[in-house]
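In the two complexes below, chain A is the common chain; its partner is chain B in one and chain C in the other.
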Partner chain A sequence: MTDPESVPAESDGAHTKPSAATQIARVVERERKTVARTRTFAILGIGFTAVVLGLAWASGGTSGGYVPTVVGLLTPLELLVPILAMAFGYRAITGDADRGELDVLQTYPISAHQHVLGVYIGRAIGLLAVILASLALVAIAVVFLRTEPIGWYASHASTDSPILFARFAVLTALFAVAILAVAIAISAVAREARTVLALAVATLVVVLVGLDLALVYGLASGVIGEGSLIHAIAFSPLSAYRGLVFESVVVTAAGTGPQTAAPLSSVVGLLTWTIGSLAVATLAVRR
Partner chain B sequence: MDQTAYVLAVARLAVNERLRALLLIAAILAVTAAVAVTFAVDTGADSPEPAPFDETVSIGLTLEDDLALDDDVELPRAQTFYSQYEYVVGYYGVETYVEAQRQAGHVERFGYPLVIYVSDYGTTDVELNEDGYPVTDTPAAWIDAEDAWFVLGSEARTPAGEALIPFAEREDAEAFAATYGGEVQSWGTVLDSSFDRDDAASVRDRVEERHTDADDLVDGASEHDDRPVSITVGEDVDSIQAGIDRAPENTTVLITEGTYNETLEIDRSITLRGEEGAIISGDENGSVVTITERDVAVRNLEIDGVGPKAHGAESVPGEEPDGWDDEFQILYTGSDAAVSAHNAAGVSVADVRIETPSNGIIIRDSPGAVVDDVTIEGNEDFTEALAGVMVFGSPGVVQETTFVDGRDAIYLYSSDGMTVRDNEIEGGLLGIHLMYTGDSLVADNVLRDVDNTGIYVMTGPERNAVVGNQVSGSLSGVHVGGSDSYVAENRIEANENGLRMEADSSIYEHNVLVANDLGARDGTMLPTSQVVGNDFVANDEHASVGPGPLRVWTHDGTGNYWEGALSVADGHPPERPYTPSDPVDGRMHTTDGAATLARSPALDALAGLETAVQGMQSERIVDLAPTCEPNNPARLEATGYEAWSCNETERTQP
Partner chain C sequence: MTTRTQSEQQTSGGGHTETAEESSVRSTRDTDGNSDSDGDPLVTANEVDFAYGAVSVLEGVSVAIRPARITALIGPNGVGKTTLLQALAGLTDPSGGSITYHGPDTVRHIGYLPQNPAFRPGFSALETLEFYASLVGETDPHARLERVGLEAAADRRVEALSGGMTQLLGIAQATIGDPPLVALDEPASGLDPGMTTHVFDVAADLAATGTAVLLTSHDLDLVERTADEVILLDDGGVADQGSPSALLDRYEADSLWETYEAALTGDLHTVRVRGDSS
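And then the complex of A and B:
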């Protein structure tokens, strides 16, 4: 009786319009189920987890400790997380459009932003489950695989700590949901399956390579001043993520030097990508 | 559906929704709180307690100095907990730490110090003994260096030199300074002070000087060739011993051709010289020639008939040794030898041929001893033998001597400042074996097919130079322990293990490691050595590493030549880090296709940041700037192996 998809349908006509939160929650639930049922996502998740575990081991990080593992995983994850996030999101709204569900949904008393937010949160749950689960497995691998110090010498934990790895996981999650928002936006803008794939690939190229190169060009040509580089890097999600990991994980162990990131700017950068992309998606759906 | 059921369903739905919303809000709050805690919490290890010093990875004191110290001596010490290095590093002498932290790359290797503890002499009633070493009635406590006061420039010493004495209270420091001199300084000032410490670079700078000193010593000994002949054995007297007993000091006893069945005691400063064909043959019981006076010279003789006792003696000729190791000294140096010299400063043995089942030449407490151009044929069964030349507490020179078989060709014990050069060693168990011997020069020796280890530096000495030797056909070619040593220009070829690097804070450069099963193995706990300009060619495995963190074998932008590390794919000038212990990199010179796989972006991505936290990375070697061409072409060519330049586009099959 409490099936959220059937009961509200019955109650719609007779009663007041459900709250915004409920509307979103229903879409979230639908997306969550879609993600859970779709075999492609399961395969993607397993593949990603295997690759991340393999990388952590191959980099030698798991035998060194949490911080070396972070250092080993950082660059590969900068590339893999956007690809995974794109895979999770790029068909989310296009799929609805393809099947005509979007038109049906537009007859429902659900606003575009509620729909977009619902889709986004639903997909994010699936994406974060994959990323956090694989990083949790990596952390467990560190517990078991790290080389024990030689017993007859006094040893200490140095600055290595699972807390630092937890920070890395949180930052990776933040990075992933930012790229997911971009994917949702693409999915909303391009309503055809054929264009959405092309757009997704093009966006990946821009995000993975283009933005950082633009920063390099900006610095070299003087458009970005020396003093503002630390804030400008927040403009590229990859650099924002990398800077945050350096600043909150690696520097703790490595010591002083030029600042690697302005944490606030970088967080704002990632949030801007997230919120901006969702706004674009909303506009596109409303169209 | 009847009305009641409908109302209930709607009500349940409403409750469910409210519950869900609450749960959701609670979950969001919990996650937010957890994330906030993750970032807010200070992960810098909360100041660890001092460790027992003997459990630290310690540096700054040789094993011999440690063993020789009186029990009541309490040397000033420091122990440092680093942000990246998981072991506590112990420093004998606070100044040892001060100098170490100034070394280039210190922070990269270890991270920054989380906390530094130093000895606190405030509660110990410290005094200085006759050597200037601090003596206390209770062990010194530990105090954070930031809170301590240091007496700088006082009369206090450690075996390594000048010593800082730390105190918790400024008044105590001032009281100490009033008695023993010096000034009271804070930690900040101490960190900026410099202390005279000889490091591996100064060992390198002194190699030439050491050769010159050895030349002088050998020249001095050769003056004993010219002592006038006072007695001719075979003409003036019948036995050599009679000649020795009658000869005045500073003259020569000349031995004419013939075999003399004698054992000799020389207790005056004479030269014993044979004419062609003069043979002294002992009774195969005890030593043949025993020397207990300074400046005795033995020339141009053949000696055999040596007793079989390789070690295990119960007494020694001359004065009994007196020290922490006297029993051991007696066991070894009281044994049988062709020439056994004790308390015989300036003794020299040259142009002599020895055949011995036990020992060839034993030299004890005879500084300035010279062994030059001797041939020593040892026991084919090394389990019955001990040393070709055994040197205890007698810095001097062993040169141009040929050793065949026996156990250790040259056994050096507690002979700081020894020079061993231009010798040829074949067979036996160990070639050149240093025990408690530092500041020595082992140069230009050729060692072939020594069973176990060609050159073996044991027991943690400092400042040895192992230069220009050729070692082949051993289980382990060159094995250098200790610290602050200089291992260079050696040709290490066709051994199972080429070079064992157990000495930290050392320089290993311009060695050629060719056709060994394993080229080099870094076995130090501390990643403080400089490994640069070496050539690794045709080894099954170029290099491996024992426990401890990542080692960077690059210095000032230059690395080593690794056969296979670079190719035309790596640009001009070629740039690509090389990790010999990596499963792919390590096969690039042996396995077709490995070079292609090694350049995969996936591997590059993994390796990209690996030097960011060197001190935490697990055991590995990385050369950030491998060289394109061999660094020592002449030495490499002499081995007959060819190495290719990374710029060569044509393939030549070996």
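And then the complex of A and C:
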């Protein structure tokens, strides 16, 4: 998004450059409409919702309450959420590059970081709508299917509460937007349809398996000490998410158990993946 | 950067009435057979080199693009027309030399039509222009469609547009924000003769309103009829340049095609492979 030698004017009499927030909002709206109008995303959303509802019911969690539902859903969502997030984001910028629209956008007074942020927020709206709607339906299912009365406050041990489930939903959303940021970075770096799919699959393998294996190797080889493991797992977005869910939902409900993660480190880990990936995407778009 | 006063900057609109200045520009070319090369250039390339890795595409190219005229880049496939157009449009950085924009300080400096324009599916032609227009604070994208004759297809999804319609939508997009320079990469590629003529007419209308139009084309007849300045690229550099009539005089040719044949080195039936596809 450059012009030879000079920065475009804020106004030239006939036109006035919109504010940065307005320009980001235009890109967000374009992405939001794209998600809403693309049949693939609708199918993905329906499929994801059906699978999550089915898993929640099949695991028996819905009859046991919110925390048993979280325990039943956590492992499947560790797999499904990254795949869904990757599907929502991996073509976002590559598509524009394929069509030549990325070059066209360079002739407009919108910066690379505004463009990337707009794409990210727009896609995140669609992604979060799917994930949070699915989990909301699961929560509703728990209300009707559970056999124990609802405890509203998670202030003491052994309490099952919708607030704990809400925490789970928020953490799942945080995990999803972190992976979405990675997908946007891949989309910006690959630029070509042929390479972006391969890169997306490879990244999923690394995120889902590779980083956990690296942590295990680090622990086994002594590079990571046992005392620092709860901080080291923040390095992997998947482990960070899992640790956060255990610490803030499962252990809270159980009232006891070993410390499974350092919540602050895990949140910082997820935020670092998110911001770092968006920075990579911005640099890739600017090149 | 040279900043022009508002009165010097011709802005585009719906219809066009030729101004005295425009008439003067055209009559200068018509009467003496040479383009008026003394006007202030909008964009200049000075000793520009461009290479893809170890493959050199352009070497020592110096050209000037001036307002209110159509400058056509012509030459064989693979000679670097697209590379030079993109460099002049600020989309790629040359590996040597410099590209300088001298034009007015507008919200959008340069409009660009890629060689095979395509737009995000799921949006209508008008929605597509609305998006781009919103980035420069323009409020009437429908006028852009009218200007290229595409208003009847305003509500049609972009994936349902014909090749010619897509090209026209791309040209409409390139003019959003009234940039002083509009760069069109093969705007008539793949179009039927009628649509090709229409596209060049639109380019001529743009130039008549003061816009510098830079285009690449293989349609030498239309270039000869429409362009004010022709830059003939060959073998990594500028083989010759001037108004069509000046080039015809120089080579004692009856058509730009004959000039093209005379000016180029090598076999015209062999693809030149220096770098990119154009």
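One rule holds for everything that comes next: the second predicted complex is superposed on the first by the 262 of 287 C-alpha atoms of A that agree within 3 Å, B and C clash if a C-alpha of one lies under 4 Å from a C-alpha of the other, contacts with A are read in each partner's own complex, and residues count from 1 in each chain.
Throughout what follows, contacts are C-beta pairs under 8 Å (C-beta built on N, C-alpha and C of every residue); 3 or more make two chains touch, one makes a residue touch a chain.
Being a predicted model, the structure only gives us computed values, none of them experimental.
In the superposition on chain A, contact of A:132 is made with neither chain B nor chain C.
Counted by residues of chain A touched, the larger count belongs to B, out of chain B and chain C. Using the contact criterion defined above for the overlaid structures, shared-chain residue A:283 touches neither chain B nor chain C, since it reaches no partner. In the superposition on chain A, A:23 makes contact with chain C only, not with chain B.
Applying the stated contact rule after C-alpha superposition, one finds that A:65 touches chain B and leaves chain C untouched. In the three-chain superposition model, chain A touches both chain B and chain C at residues 2, 8, 11, 15, 22.
The touching residues of chain A, counted against chain B in their complex, run 1-2, 7-8, 11, 15, 19, 21-22, 25, 55, 58-61, 63-65, 67-68, 71-72, 74-76, 79, 147, 149-150, 152-161, 163-164, 166-167, 170, 248, 250, 252-256.
Residues 1, 6, 9, 11, 43, 86, 88-91, 99-101, 104-112, 114-120, 122-123, 127, 131-132, 134-138, 173-174, 177-179 of chain C touch chain A in their complex. Those residues of chain A lying in contact with chain C across their complex are 2-6, 8-18, 22-23, 26, 30, 33-34, 37-38, 95-96, 98-101, 103-104, 106-110. By the touch criterion stated above, chain B contacts chain A in their complex at residues 9-10, 12-13, 16-17, 20-21, 24, 35, 38-39, 41, 43-45, 48, 51-52, 55-57, 81-88, 107, 111-112, 114, 525, 547, 549, 602, 605-610, 612-613, 615-620.
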